[in-house]
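Take a look at the structures listed below.
The following pair of complexes shares a single chain, chain A, combined with chain B in the former and chain C in the latter.
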Partner chain A sequence: MRDALAALPIAPRLLGATLFVLAALMAPHAANLHPAILGFFYLAVGWRVLALRHPRWLPGRWLLLALMAAAIALVIMSTGLYDGRLAGTALLVVMLGLKLLELRARRDIHVTVFLGYFVVLTQFLYSQSLGLAVYLFAGTLVLTAVQVGLNRVHAQPRQVLRHAVGLFVAALPLALVVFMLFPRLHSPLWGIKTQRAFTGISGEMTLGSLGELSRSTATAFRVQFDGMPPPPEQRYWRGPVLWHTDGRRWSADRASARALDTVGRDPLALGYEITLEPTGEYWLFGLDVVTVKPPGTHLNSSYTLVSEQRVNQRLTFRAASDPGFHMLALSERERALGLQLPDRVAPRVAGLVAQWQASTDPAQPLQMVARALDFFRNEPFVYTLTPGTLQGDPVEQFLFETRRGFCEHYAGSFALLMRVAGIPARVVIGYQGGERNPHADHWVVRQSDAHAWTEVWIPGLGWWRVDPTAAVAPDRIEQPIDTAASQAGDRVMFGDGDPGALLALWQNAVWLADAVDLGWHRWVVGFSAERQTSLLQWLGLGRLHGFGLAIALLIGGALAVAVVYLSARLPRPRSGDPLPMLWRRFTDKLRRAGVDVVASQGPDTLCAAAMRMFPQSADQLSAIRRIYVQLRYGRQSDQEMVRALSRRIRRLSLRPAQVDKG
Partner chain B sequence: MAFADWARVEQVSAAGQAEIGARRIYILPTRYGLMFGVLLFLMLLGAVNYVNNPGHLLTFLLAGLAANAIYQTWRNLRGLRLVCHGGPPVFSGDPVPFVVELDGAARARPAIQLMFDDSAPALVDIDDGNRPQRVQLQLHGIPRGLHQPGRLVISTCYPMGLLRAWCYVACDRPLLVYPKPGARWTPRGAAGDGGNDAEWGGGSDDFAGLRGYRPGDLPSQIDWKSYARERGLNTRVFSGQAATPLWLDWVDAPGNDVELRVSALTRAVLDAESAGRHYGLKTPGSTIAPGLGPAHRHQCLRHLALYGTSDA
Partner chain C sequence: MPKPALNNAIAPGDHAILRQVLDDAGRLIVGKPQALRLSLACVLAGGHLLIEDIPGVGKTTLAHVLARLLGLDFQRIQFTADMLPADILGVSIYDRDDGRFHFHPGPVFAQLVLADEINRATPKTQSALLEAMEERQVTADGETRELPEPFFVIATQNPRSQIGTFGLPESQLDRFLMRISLGYPDAAAERELLAGSDRRSLLRQVTPRIGPQSLLAWQAHVERIHVSPALLDYVQALVGATRVSAHWEIGLSPRAALALLRAARAWAMIDGRAHVVPEDVQAVLPSVASHRLNALEGDTTEQVRALLEGVAIP
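So, the complex of A and B:
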């Protein structure tokens, strides 16, 4: 069938809008693609923009072929074809640029619009942040408006944009239903290689490493508790457990990666949901000892929650913890590891421990713990982010000379002291604390909450948590660190002060953004197979899977479509002829001013009567009469004139005739 | 088109009006629609593979747009009112105008395409004002005679261009196409003086024939019988009134085949009319009495147009 639309010339405005929206949608790729790829694309856009005025400047077929060869070479050289995602995106981008250079017919714009939709998808492969998503969906809307404009004879920008918004709103219910019910895979169809650097705690601890991390206010994870949140002194988020030490450096035990068989279901455990920012590591964080673990994870023998896959993307999982859980087991190997000492222990350190041993009962290890904590509490130790570098034997120097340290200094030296005293000890790193978002029911744990503490093995109690930092700086456990206030070399400041009004407003906005961001992650980005299952259970469709899910998808989709079409059929205020309404407004105004308005009066009679009463306003009245008569009885109806009439009626002021005095 | 043979067709009323009914509309994806389907599939594959939920959402949103477009495109046609006005007679070889009046029924209907099999497509955006919009289609390559314009195809791809909705309307408004005028020639008797001074002076004795009504003719001379037969208003002319009528005779016409003669006589009718000569037309089997004026001209041209056709 012949298509008259295809033969119509394209309005330059439409072409310009296409180029603009594609250029805007491409911009976020600046963070992902090689500058040469993006440069190629924007050069093509610029070329095409110039060709809007000079169509002869468009490249011919041979030049296009040469450009295509150059573009493919550029893709191969810049990406090396190592990463399929990156190479594919780069290829799409350069091909879209080339397509722009041969943009002549309406068909070509259709194709570029389609490619534009695909570009949006590639953006999501690199970042799924809420801000970017809002930007991209807005761009998609404009792209759809361009597509709508392509299918009209005359395309008014406002008109097609409004229509595109209407189409989006109508498409949303179906999109959401399918989004909720479409089956999700646990793992990708084929391998994905990504390389990325993450901030967060690493699998080992050197003196100073956590202090550096504590300057970052970036979010580590967010938590939503099922019930009452635990008190601050119980908010220890357990990460890797470190056994080996050389005095300066602590590292995990490879062999302890083996899984624990049972922790089991625990009805008393506190349930919570964690949305973990990508770490690039295997371990997850839980509220100290996780007793109900999420699927796809295991607990290693040090009670660290370990995922089967690296956390390369934001991950949401549910877990439960029991604050009263005792880690009673101690294997022979663990005892040996827990007592392992560096090659050399400084005599002053050994002497200190010997001095304590003389005054405590060896059968009561807790007495030894108390002595050590007293030592930290009573000697002039300072809790600081900038402890300075330690020379020689770091533990000796810290304990007896500098006495300035961050949590890892206290945890590391305390564990060492315990081991010297013959008490098995280990260091746990993770996070401590968290801040509640006032706008939502969740807590935010930041990188600045990174913490290290120790566990000592006490017969009968098992592995027992001791936080020597709490002895030095009890506020650390109660309050988050105020990173901005903690200047280099100073004591660490804790954020319990009263912020100024402007600062409070800013913080409020930040918390609100955090709440929206978590909502976006919980319901869109992190919508996993597990969450889908729980949503279905909540809907009473918990048994659905496979074929049943497909049926539910069909029924749900049909319902969503029905909702849209039934609502489209609802009676709506008609946007018909605006003239009677305007005229009524005019006569109302006259009536209020005292003019005797009779329904049967024509505009001429009425205006003549009004002019007699208000000669001052005669010009305004006659202009209104003229426009109205033209619109009402004339041949053409003109939006501009209707607006002019509306404006004049609004501005009409009826002043009574001035009476001469004297 | 084979499909159109059994397709449902909207019939126009006696006044040429029709409203497109919901069940007369066909809809199928365009090639852009198929392309969009492939695009959605690839996007879904990408989103699933990279376990990318915003990608899922984007794909489903676009799928929702496409699903909604089915309804939108269909609705763009449903309830559209049209009046087939047809067009005035034209000469064969000229484009034949066919006027259709479209009324959006209080709904904006962008990009409505109208087309006959024999015409170029015409495209129009109908706004939501209540003013009907006239569209003139031009049919090409139509021979002389009385023709039905065929099926009017009304179609639209709005809003997304992914689907085409169309329907067939049988516009029962025959088009009259006069024969194409041939080369100029001089009929027998045309060389003489064409003046007839006694046109109005003659008595009313012998009936000589009919000519087209002109203002001022006596009502008693009007041939009401032919008016009743819908041949237009004609005045009876009596001998002595029309001095020497020019007879355009089939046998005099140059050319030895029917079409050439029809064309030649058409030319002669036009020449005589423009010269103001009374003329009559003789074709095998029928004679049109001499006369003058638009109605007479139409009668002669129509006779020639239909000569030898089944409508004659």
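So, the complex of A and C:
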């Protein structure tokens, strides 16, 4: 029966369903593959759809060979073969398309569906988002239903789908065990090269760059604190440190990337876990100042947390910070860098500093800092997302004419003023603030929280954080920027006043989606080797590696299969008619005794077959058949007969014919 | 435990008489018990029978034997291309003596009509017979005349020589409860046939077992054979399967489902049972369903078998 089925031609409806599901499953690959590859695939699908009506339109063998050559050329040209992942996926996709063109018998469609499963998996090499996972999961379910339908003579969509869901449910325990116990790699499977553009802080700061970024409400990273979150004025998320300036542009110092000795365990440190969105850069963000670094990272001499690999995928890491930590080291080179000035410093700027120097003690640099902050506080400076363009010497223009700026204007000009005054200064960029998700215990830091501040060298105190923006707009530190309001108006607006009911509902939904997204990442995608180890420890399995893990996987898998098997064998409680259940018990008994029970056989036929196999039990079998047929198909129905049937089925013993028993 | 009694025994006399009919018929039509039983079930279910087979395998003999055994008067109509509806239904002829038209009933006015090679006649003539079969009456010259009771048509057609014939359209095929074919006898049966005496003389020796009145009582009794909800589930599953399957052009209609049930009841009655079991349905399904279904691919008979194998008994 099975072989006959395999050779049967495919019902057009099932083939149509297969084509539709495959086409839908391939759609997300549009983000990864060259349009020509997907175009080729969809052309093949379209061709096959047309051939449903006109089977003669299917390509012959030679045309198919030519198409294959064209497909391979297409793969080589579009991927250049420099990225094995991309080339491999592209090859699979075009080959799946070609396979569709030679679908004839049911056997072919099975091959196609399995290839389809594989191509579905390749999408996870590019993205592991929850949305994609849900979409592909649903598609795989339908694809499985098509498989089930192919193995049935009469496929009813609902029945077939129910069967597929049943298969998935049965597979779930095994999938869970494998998910939890399968050995994890410490680095990503693919050294991912990507030309994708990421939103986020770049390694340098030009006037206006952070202001642009502040218009984006995209998530930069999410944080979960181990204990009490720090107060807003300490929520500075340290990123790259900038040393070089030409007056308009600030950039990092390549040489300062040298690794700093680990700070070591810090009892005062506040632990937290960050889930960083991909940035395409090496540096990570940590609460100012990171003292306990995660594995696979180092702290550079500017106390920026730097990863060994570019963050091209979401990254979850644990770190700890001590807000009261003093960065006390200053090399001669750093002193020189911290005092570096642009080629030309405007006389008005130098004059202003000289004026301050006259009234402060050079041994007390903090007095100079205070004078500068007073200057920002007392003069009519405006904190705005739309500062306008600065011509000529930007610092001079900003300090004396426009007086409109975003944080980078304040941080940049403040650092410059300090350097002119002979105090080593540097600019730190990162984020400031964060918002708590009311539905979950985590904080969201957005691109609009991007910030720049200054650090000055104070003997005895080390690098000392000074945020000139706080002098101009103290609210910036306390509340997040209200992006929409700030863009419309002249000044930056803070907080979110009183949203309408509909808006509140929407915001609520956004927070909920954020919580789900982080949960998905933390528990599924980000289930790393470290998490696996801690799970195993929690299970009391300790540190399992290699062989031990493989044994655990085998045992766990066997247990999962056993659970599914046993629960499938449990008699299902059925309300109402007891007869079908009794009959199933009877047929199960026959099946175990070796009778070939076929669902389409009537009771008479079945019992006749059983009686031929077990002539010694013929009387018992005949009585069971008679009572069952009477009850199920005759007019009689009384409880006494049902009980009698149940009793007889229970007592039925099937003795093989050769056993001679008197 | 006492054997559950069949408390609703067969009403019109002993059902052994039906067995006897089959045994008697089996002596003339050797080696075809299944076809005989199906034909008898068809009569008892009050339906008409279409036999599709090559000439010379005993179609006419079967009709003759049934007519004799059931005590029905018998008419045979050989269909030809030039036949007119009046040749079947009858014609009104002017009588010069009393100056009036008198209706001369055609051959259709018989209890058992053998319509031989029905596909040779034009569709107009075919439909005259088929309408009479359905309505069980004939309307001529504005006057409606009842056909005799019981009324049973056995039509034959030759599937091989199709040139110059008018195949029955599907809507007309639906008027036949069953379609069967006899096929060649096996070697032993054929030997018996060759060695035995002439069928015609044997036919003359056949004595009627059931009279027309008794047959009507049997037909009425078919309706009283019990059909349980579980069996209806099965019939619905079968019919439903033909509707969703991709193997058939169209599925079975509710009328076909009713026909299936009626045939299964008659089959159960011949077996001496007061209720229908799934095996009854399985026995009659190929004959009841195959001419109502049109397989998109492959052999219809094979597909019907696959249908039976594919539908589980609830």
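Before moving on, here are some points about what is shown:
Definition applied: the second predicted complex is superposed on the first by the 553 of 662 C-alpha atoms of A that agree within 3 Å, B and C clash if a C-alpha of one lies under 4 Å from a C-alpha of the other, contacts with A are read in each partner's own complex, and residues count from 1 in each chain.
To be clear about the criterion, a contact is a pair of C-beta atoms (placed from the backbone, for glycine too) under 8 Å apart; a residue touches a chain by one contact, two chains touch by 3 or more.
Note that the coordinates shown come from a computational prediction; the quantities given were computed from them, not determined experimentally.
Of the two partner chains placed around the shared chain by superposition, chain B is the only one that A:121 touches, whereas chain C remains out of contact. By the touch criterion defined above, A:623 lies against chain C but remains apart from chain B after alignment on the C-alpha atoms of chain A. In the superposed model, A:162 lies in contact with neither chain B nor chain C.
Of the two partner chains placed around the shared chain by superposition, chain B is the only one that A:561 touches, whereas chain C remains out of contact.
Of the two partner chains placed around the shared chain by superposition, chain B and chain C are both touched by A:152.
In the superposed model, more residues of chain A are touched by B than by the other of chain B and chain C. Looking at the shared chain after the overlay, A:140 reaches chain B, while chain C stays out of its contact range.
Applying the stated contact rule after C-alpha superposition, one finds that A:600 touches chain C and leaves chain B untouched. Touch criterion met: A:182 reaches chain B, while chain C stays clear of it. Residues 1, 152-154 of chain A lie in contact with chain B in one complex and with chain C in the other. Chain A meets chain B in the complex at residues 1-5, 8, 85, 110-111, 114, 117-118, 120-122, 124-125, 128, 133, 136-137, 140, 144, 147-148, 150-154, 163, 167-168, 170-176, 178-179, 182, 184-185, 187-190, 192, 313, 524-527, 561, 564-565, 574-577, 637.
On the chain A side of its complex with chain C, the touching residues are 1, 9, 11-14, 152-156, 579-580, 598-605, 623, 626-627, 629-630, 632-636, 641, 644. Looking at the complex, you find that chain B touches chain A at residues 32, 35-36, 39, 42-43, 45-65, 67-69, 71-72, 106, 110-111, 113, 115, 120-125, 128-131, 153, 155, 157-161, 164, 166. Listing the residues of chain C that touch chain A in their complex gives 1, 3-4, 8, 226, 228, 230-231, 240-241, 244-247, 274-279, 282, 297, 306-314.
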